[in-house]
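Before anything else, here is the set of structures, which you'll find just below.
In the two complexes below, chain A is the common chain; its partner is chain B in one and chain C in the other.
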Partner chain A sequence: MRKYFRVWLQLSKCAIGSYLSNRLDAVTYLIGKLVRFAFFFLFLWTIFNYTDRLASYGRYEALFFFLTFNLIDVFAQAFLRGSYMLKIDIRTGWFDHAIAKPVNTLFWSLARLTDILDILFLLPIIGLLVYVGMKLPIMITLANIVLYLLLLATGLVIVVALHIITIALTVLVFESENFIWLYRESMTIGRLPPEIYSVGIRFVFTYLMPIIIIIAYPVKALLGRLTAIGFLTALIFMLVFFFGALAFWRISLKHYSSASS
Partner chain B sequence: MKKYWAIFKISWQRQLTYRLNLLMGRLRNIIVLLLLYYVWLSLTLTSGKFSSYSQIELFTYVFGANLLRSVIFGSQSRQTASEINDGTFSIYLLRPLNHFGAVFARELAERSLYLFFAVIETLVLAFLLGVKFAAPAPATLSPIILCVLLSLCLYFVLSYLVSMLAFWTREADGPRFLFEWLLEFSSGAYFPLDILRGLIFTALSCLPFFYLIYFPLSIYLGKIAHGRIWLGLGIETAWLALSLWLIYVVWRRGLKKFTGEGI
Partner chain C sequence: MGVIKKHLTITKIAWQRALTYRFTVLAHRLGELGEMLVLILMWAAIYSGGGVIKGYSYREMITYILLGNLINVVVRNWLSSVVSRDIADGTLSQFLVKPMPYLRYILFREVGRISVAFAFSVVSSLLVIFFFTRYFIINTAPLMLAALAAIILLAFVTELLLSFLVGLIAFWTTEVDGIYATIDRLKKFFAGGYFPISLLPPVFVKASFLLPFGYSFFVPVQLYLGKIGIETAALGILIQLFWLALLYGIIQLVWNRGIKKYEGVGI
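Up next is the complex of A and B:
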């Protein structure tokens, strides 16, 4: 574990060096991310100038969904950015080097690039989460907060599993750059409370692509709206997705043909 | 003209070669469309309206924006930056064709293909969801078509202009990312801009992006008075002319900076 932390730290130092040497890119990317965040925030804020409820949720409750979506989404982009590079690695033959390295190939493929800008971006998101959390119109107990954090961790494990599935697909089916973007676009379903969607859409994004479990369940737990069955469902999904993704990754590696080397 | 037609046909074939990617890309589009549809459905469920828009108008806006995004927002002009940085741009300088024209032919090929898929997606989803659309006034049809054509050209020219930043720096991706998100929101691709009201709406209306999605859809929905339609089209044409002039200036200066690095 210590060895992997040291490898990750070294890779992150390299990433910082890269960002510092590409200052224009780094600054404009960060501003771009802030602009995207600010516009959606503004849109959601504006909606509540016309109405006081969005599918039974008030302004701050809806904002809490949006901020939790951002927290999970940005966290994954910060620490799992390597998965976006795998296609290039395979095309250029670099993936063969990754397999030959004395570190776990899966770890390398997921974490070889740390997005420092997203780590910076996490700070205002966490600050806003605390601020909006204090504005929520209900009494938040310690148990609610613990459940929220537990389900957040569960959601993050599922997100890691989804990233493993996308990189396994990249190894198996080279023409797959849109898989990761399909996941990213699916995540946007979690920007808003799931009650706005139809039953069919909710079924798909709970049980087939578990975005609602990842984002909405922690928020519902904090708001005291999640049942014990919901909590158990999240745990079961975490285990099934994580171990299923690992098995799928192993299968994909066995089929890797090293065609570009 | 024949060589640009050949580029158009080759680009079609290239797009259709990676069919799985194309399908995944369209699936992403459908997810965004569904998200926006359900947001507006939820907000208009009880009163049947939101701000100055009826439910039918909002659905028309969301589905119309999906179609216009497919026609207007291209990706080919983005490649210009990487072509300049990796040296492949030099190939265009040696060939008897205009780089701007070649990229525009590629862009038109991509747009026509994406429009085809967007029309099918829109019709199928509208049928499945039981969505009804507002009809435009017959007199507004020609301004709408003209506006969409101008928007297609304006987006391409602005995007090409931003890519030309690569003549001066290898770091053109960040500015492009910022440009694209500013453009996505300021164009009204996600929601009608006038729900923002006040100063923000006034500020956005001063930008060229305002005319890309929001303006043609507002003409379609009859939200803009007849006299102001032609004024708006005039302003959009002026933005296009200004951007084309800037491309001319930047191109001449950029070529002097171009070192052919990466050949």
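Up next is the complex of A and C:
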């Protein structure tokens, strides 16, 4: 574990060096992310000038969904950015080197690039989460917070599993890099409370592509709206997705043909 | 005749190249449609109690999203990244010795390049509109449609020139991706792509009319929904023509300065 942390730290230092050598790009990218985030925040804020509730949720509750979505989405982009590079690695033959390295290939493929800008972006998101959390119109207990953090961790494990599935697909079917973008676009479903969607859409994004479990369940737990069955469902999904994804990754590696080397 | 054929050949080659990446285009498009549907469902939830929000009925809001997105996919392009790449990797050099101005060549190529995404986007947008026919407001007033077509056509050309101009930043720095991303988001906001600008204080609406961005989303839909009249639309067209002339002038100025700085690195 310590060895992997040191490897990750070294890779992150390299990433910082890369960003520092492209300072203008890094700063403007960060501004771009903040601008998009600010506009959607403003959008949600403005909507509540014209309505009291959005599918039974008030302003700060809806904002908490949006901020939790950003927390998970940006966290994944910050630490799992390597998965976006895999297609290039396979095309150029670099993936052969990754397999030959004395580190776990899956770890390397997911974490070989740390997005420092996204780590910086996490700071205002966490700050706003605390601020909006304090404005919530309900009494938040320690148990609510623990449940929120627990389900957040559960959601993040499912996100890691989804990234593993997408890179396994890239190894198996080279032209499948778009799966990562389908995942990214699907995540936007979680920006808003799930109750605005129809039952059919909620079913798809709970049980087939578990975006609602990843984002909405932690928030509902914090707001005291998640049932015990919901909690158990999240745990089961986490285990099924994580171990299923690992098994799928092993299968994909066995089928890797090293065609570009 | 030969001149037209020559230009159309450039467009055709770019179209054929773009076809290679149809799955990529489709995947991105599915994502965009998903985002649009999320917006529609959100507004459906807000309007579930009925009523009018800042002058918009539920049907008008749905029409705003559907038609605005359709117009937006018609006028958009990704020319800035092509121009900056040509400058950064030295590809521009080969165009400097060709008997055709780079601007003209790249505009025709871009039309071919975006045509696959354009076709996917328009067809998928029309399918979504068809799905929401019950809520989509139909307006077939001939004068309005003529003005709408003029605004969209001018917005298309304005967007091309704007993208070209932004791409020229690469003469001064190769670190352009972040700048483009930021500009795109600002454009989308002032175009009313996130939500109708009229939900914000009136100064934003005025800014949207005076800047060129609103003409690729907000202004044409306002016209279609009858929230602005033909006179205002005509004034808008004049503003668009002013921007076209201004952008063309700025492009000439920036190009002449940039080309002096150009070193052809990467040839």
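Rule of thumb we're sticking to: the second predicted complex is superposed on the first by the 261 of 261 C-alpha atoms of A that agree within 3 Å, B and C clash if a C-alpha of one lies under 4 Å from a C-alpha of the other, contacts with A are read in each partner's own complex, and residues count from 1 in each chain.
By our rule, a residue touches a chain if its C-beta (ideal position, glycine included) is under 8 Å from a C-beta of that chain, and two chains touch if they have at least 3 such contacts.
Quick caveat: nothing in here was measured; it's all calculated off a predicted structure.
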| item | value |
| --- | --- |
| When chain B and chain C are modelled together on chain A, clash or fit | clash |
| Partner chain in contact with A:Leu24 - chain B first, chain C second, else both or neither | both |
| Touching partner for A:Lys87 - first (chain B), second (chain C), both, neither | neither |
| Which of chain B and chain C A:Val173 touches, first, second, both or neither | first |
| Contacts of A:Lys220 with chain B and chain C, given as first, second, both or neither | neither |
| Partner chain(s) touched by A:Arg112 [first = chain B, second = chain C, both, neither] | neither |
| First, second, both or neither for A:His163, with chain B first and chain C second | neither |
| Touched partner set for A:Arg59, first chain B, second chain C, both or neither | neither |
| Overlap of the chain B and chain C footprints on chain A, listed as residue numbers | 22-29, 31-32, 35-36, 39, 43, 46-47, 50-51, 54-55, 175, 178, 181-182, 185-186, 188-189, 191-192, 195-198, 201 |
| Residues of chain B defined as touching chain A within the complex | 18, 20-21, 24-25, 27-28, 31-32, 34-35, 38-39, 41-43, 50-51, 169-171, 173-175, 177-178, 180-182, 185, 190-191, 195-196, 200 |
| Complex contact set, residues of chain C against chain A | 23-24, 27-28, 30-32, 34-35, 38, 41-42, 44-46, 49, 53-54, 173, 175-179, 181-182, 184-186, 188-189, 194-195, 199-200 |
| Residue numbers on chain A that touch chain C, as the complex places them | 22-33, 35-36, 39-40, 43, 46-47, 49-51, 54-55, 175, 178, 181-182, 184-186, 188-189, 191-192, 195-198, 201 |
| Chain B-facing residues of chain A, complex | 22-29, 31-32, 35-36, 39, 42-43, 46-47, 50-51, 54-55, 173, 175-179, 181-182, 185-186, 188-189, 191-192, 195-198, 201 |
